[in-house]
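Heads up, the next two complexes both have chain A, just with different partners, chain B and then chain C.
Then we have the complex of A and B:
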């Protein structure tokens, strides 16, 4: 519709979140601690696997490290934008305040997706990129412009896909009222993204490439960075993203049609 | 004793009704919790594709992680999140007015879900029995009795550990941060990542000194037959130790905490 309008709105919401968060500065340290401990244990876990082998699904330790960095960055995005918003939609529906949102002169999906942004998990994103950088240095790969551009493109597709999946889950909360369990289901499924999709065999790999596309989320961006991405994979990434974003949008529209106001 | 029995019967009926109401969510929750062990299993299968590693072949890994699935479902506890919300929103107060202690209400909920999970998973295990011998374990009654006791003790430890953590909410608003840290440590130390013998030596050295192995890894090792003989008995002894410790800790924390607690909202 009006892309600039939404971009300014997004920036505004982001600024608002920063000023909100400045009230809770100790959250920053809590977050740093959380981030560091989760990365530490992820590394220890990898160590346990690599004590027994030199490669998992054809990926070396450093390559999996890049993937872990991508995973961490995406996890940061979830904590910043996706998780803070999903819980609220149910409350809006239950309390009837959802009607007020439908009345606002912005797209309801946009508003509900981005109204509440939490700033501090940005440490997860930064640490994720740090890990990627560290792995790049210890592998000694040539970082070229093409490499980085391809990585950023694939990473962007990962973020979009993540958003679409999350949006579909969020829309499901029209029917399943205890949303904690939806987010729990997502977090569990997201765990599959910690490892390259090559780890999974047969039908499972297809499932994780096309249905719950963890391949698009972490495998392809990491492969793009280490130079192992094939054109076929890049194409799959673009296609899956396009389909999922469209499905998420249509699903939202359908759900809205079924929505009948509660109370007030 | 008789009144307590009635309290449980009544509370469990209520929780069962709630469970049925949210059956979709319950199912989601159950499926969701299966994924992490299956992911880890997939990694181990990929690693051991070329042959046995560390004394475990593909079939051993499958049995191990099926046992993890089984035990983890039966020792789950989610009280920290629920109690944190209740403390924050002040709804805890109304439960404090009830004639029986709050923990009985919580345990009743926990039991209802575990009964359902237990029956479902036992049925699944039995259905799988004729199709694949990966799931075959010894059916010796003595062995099965030990397995059941180990799982029961594990779930007592896990539950009381979680409940004690929840009690910290009386003193700090950062209770969930502590819980998250414990989860991360537990993931690594309880045997969810790998059988205990795969963990680095320094981790194995701490085995007896943290509760984590005893609330998951130990019953799993008993089921898969990796722990046997006298080690089983000393293991059960350590489990009893941890269970008693956390129960005692609960009494202290609950009574101190209540004195500290002042309700907000309602």
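Then we have the complex of A and C:
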């Protein structure tokens, strides 16, 4: 692995996507409107919840706001990087252009993951961080260097985990022609990340921690920011991320081997 | 065997899933899948020297594409030995990929909505081409292919031929020493075909690149390749000089004569098989072994105004090769 090479390439692909996107300026405004309305709606739902109770799953209103901010930022990442690329593997395989990508001296997983980046959902990410900031101010929590560092680490794990799950779905398109259905499944599961994992009980909570780890996606980063993260949870986060990223990579390699031995 | 292409006893088998038509077949195949092994490439061997341009010919489904894919590392061979530019292609090493390129006439790597130059820049980063070398190569390619007016237009606004020119440039930025061309002139008009051919020739001469070319246009082959490899049903039928191919496979030449007076068809037949009669034009097959004797006879005995002897058209010769193999 050569980090510098891939970082340069990522930057170039990002610039490329912007110049591709420039044609469609109206998307920018549509996206801001979309983001604002979905954030407002989520806030309203939260308000309704907190009319009945002071906490959900042991989390206060402001803490859940932080969580919502994390959720929104992650959602932005999905829209920027993951969703634009997922449908294209199938197209590449069908049109035969997948061969042209495999011929290039670049990691095909990297190239196919990041070739298309949509710029505008950056507003989701920014609004997410804004929400976190707002919650922090209204909670009056001390923003310490340790908190922020831990938050960034946990958020990074969340992004990686999200990527790994998405990559596993994407790789399935070697065998299934329509992965769009799987992305619907993903979206509905991802919705559960709007709430702290403590809301869910028993087996469901285990499922949402280890199998479809929404805990790693939003609960742990939010907890890190508010200072409620336990070392055990941090460890789980690192572990789950490592396992998922490895599985995603191995799965991709298997799919490639399948492709190079079976396709004609 | 540092450079060039070296292939020995190369085979590729595919397992094909078979099922009967209709609901019954679909149902049965759910539980018991029937597989059949298909041999796409069957123990082929050949060697291509650095700098050679070789035509790789065969009907659809003959095994051309499968072989090309194995040579470029996209397919894992079932058995046999394979060295391309000193590398085993299926290991897919980056160093190997930097020395080869694959251009497919029907598949494009260009980014659709933006000018081709952007694709070039992405390839520069991917292939890690130093700026100075990149500038030089792009300059050369712009000259050779007359790309200048095309580079600022979005790819989607280019004609098929213009796109092919940009495609070639994008594929050659890293100055590969081995080039696989899969029908590079397909769908192009005659002028553009000619341009592409001239370019391939020029690139080959300038960089001493090894070129393996498939095409359904015989003009491509006759213009570029001294040597051809003909493959059908996964086996090599012929490997050698284009000229020798014609001599071996077509044991006749075609005499075209313009008569100054009508001659009976029955009488013409005594000189050889008649291909075409439309007074005053006649074409007759003459046995290759006795072209001069037969020609002399025709000139002496018939009222001939004009007379030429030619090799049969390449298409016919290749057709004979395929027919001969299946017979």
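What we mean here is this: the second predicted complex is superposed on the first by the 259 of 264 C-alpha atoms of A that agree within 3 Å, B and C clash if a C-alpha of one lies under 4 Å from a C-alpha of the other, contacts with A are read in each partner's own complex, and residues count from 1 in each chain.
Definition applied: contacts are C-beta pairs under 8 Å (C-beta built on N, C-alpha and C of every residue); 3 or more make two chains touch, one makes a residue touch a chain.
Source: prediction; values computed, not measured.
Once chain A of one complex is fitted onto chain A of the other, the partner contacts of A:104 are limited to chain C, with no touch recorded for chain B. In the superposed model, A:260 makes contact with chain C only, not with chain B. When the two complexes are overlaid, the chain among chain B and chain C that reaches more residues of chain A is B. In the superposed model, A:7 lies in contact with neither chain B nor chain C. In the superposed model, A:146 lies in contact with neither chain B nor chain C. Once chain A of one complex is fitted onto chain A of the other, the partner contacts of A:191 are limited to chain B, with no touch recorded for chain C. Judged by the touch definition given at the top, the superposed model places A:56 against chain B, while chain C stays out of reach.
In the superposition on chain A, contact is made by A:44 with chain B only, not with chain C.
Comparing the two complexes, no residue of chain A contacts chain B in one case and chain C in the other.
Only residues 14-15, 40, 65-66, 69, 72-76, 90, 92, 94-95, 97-98, 100-102, 104, 106-109, 111, 113-114, 118, 121-123, 125-128 of chain C touch chain A when the two sit together in their complex.
For chain A in complex with chain C, the touching residues are 5, 8-9, 12-13, 16, 19-20, 23, 95-97, 99-106, 111, 257, 260-264. The part of chain A that touches chain B in the complex is made up of residues 30, 33-34, 37-38, 41, 44-45, 47-49, 51-53, 56-57, 175-178, 180-182, 184-185, 187-189, 191-192, 194-195, 198-201, 204.
Those residues of chain B lying in contact with chain A across their complex are 22, 24-26, 28-29, 31-36, 39, 42-47, 53-54, 81, 174, 177, 180-181, 184-185, 187-188, 193-194, 198-200.
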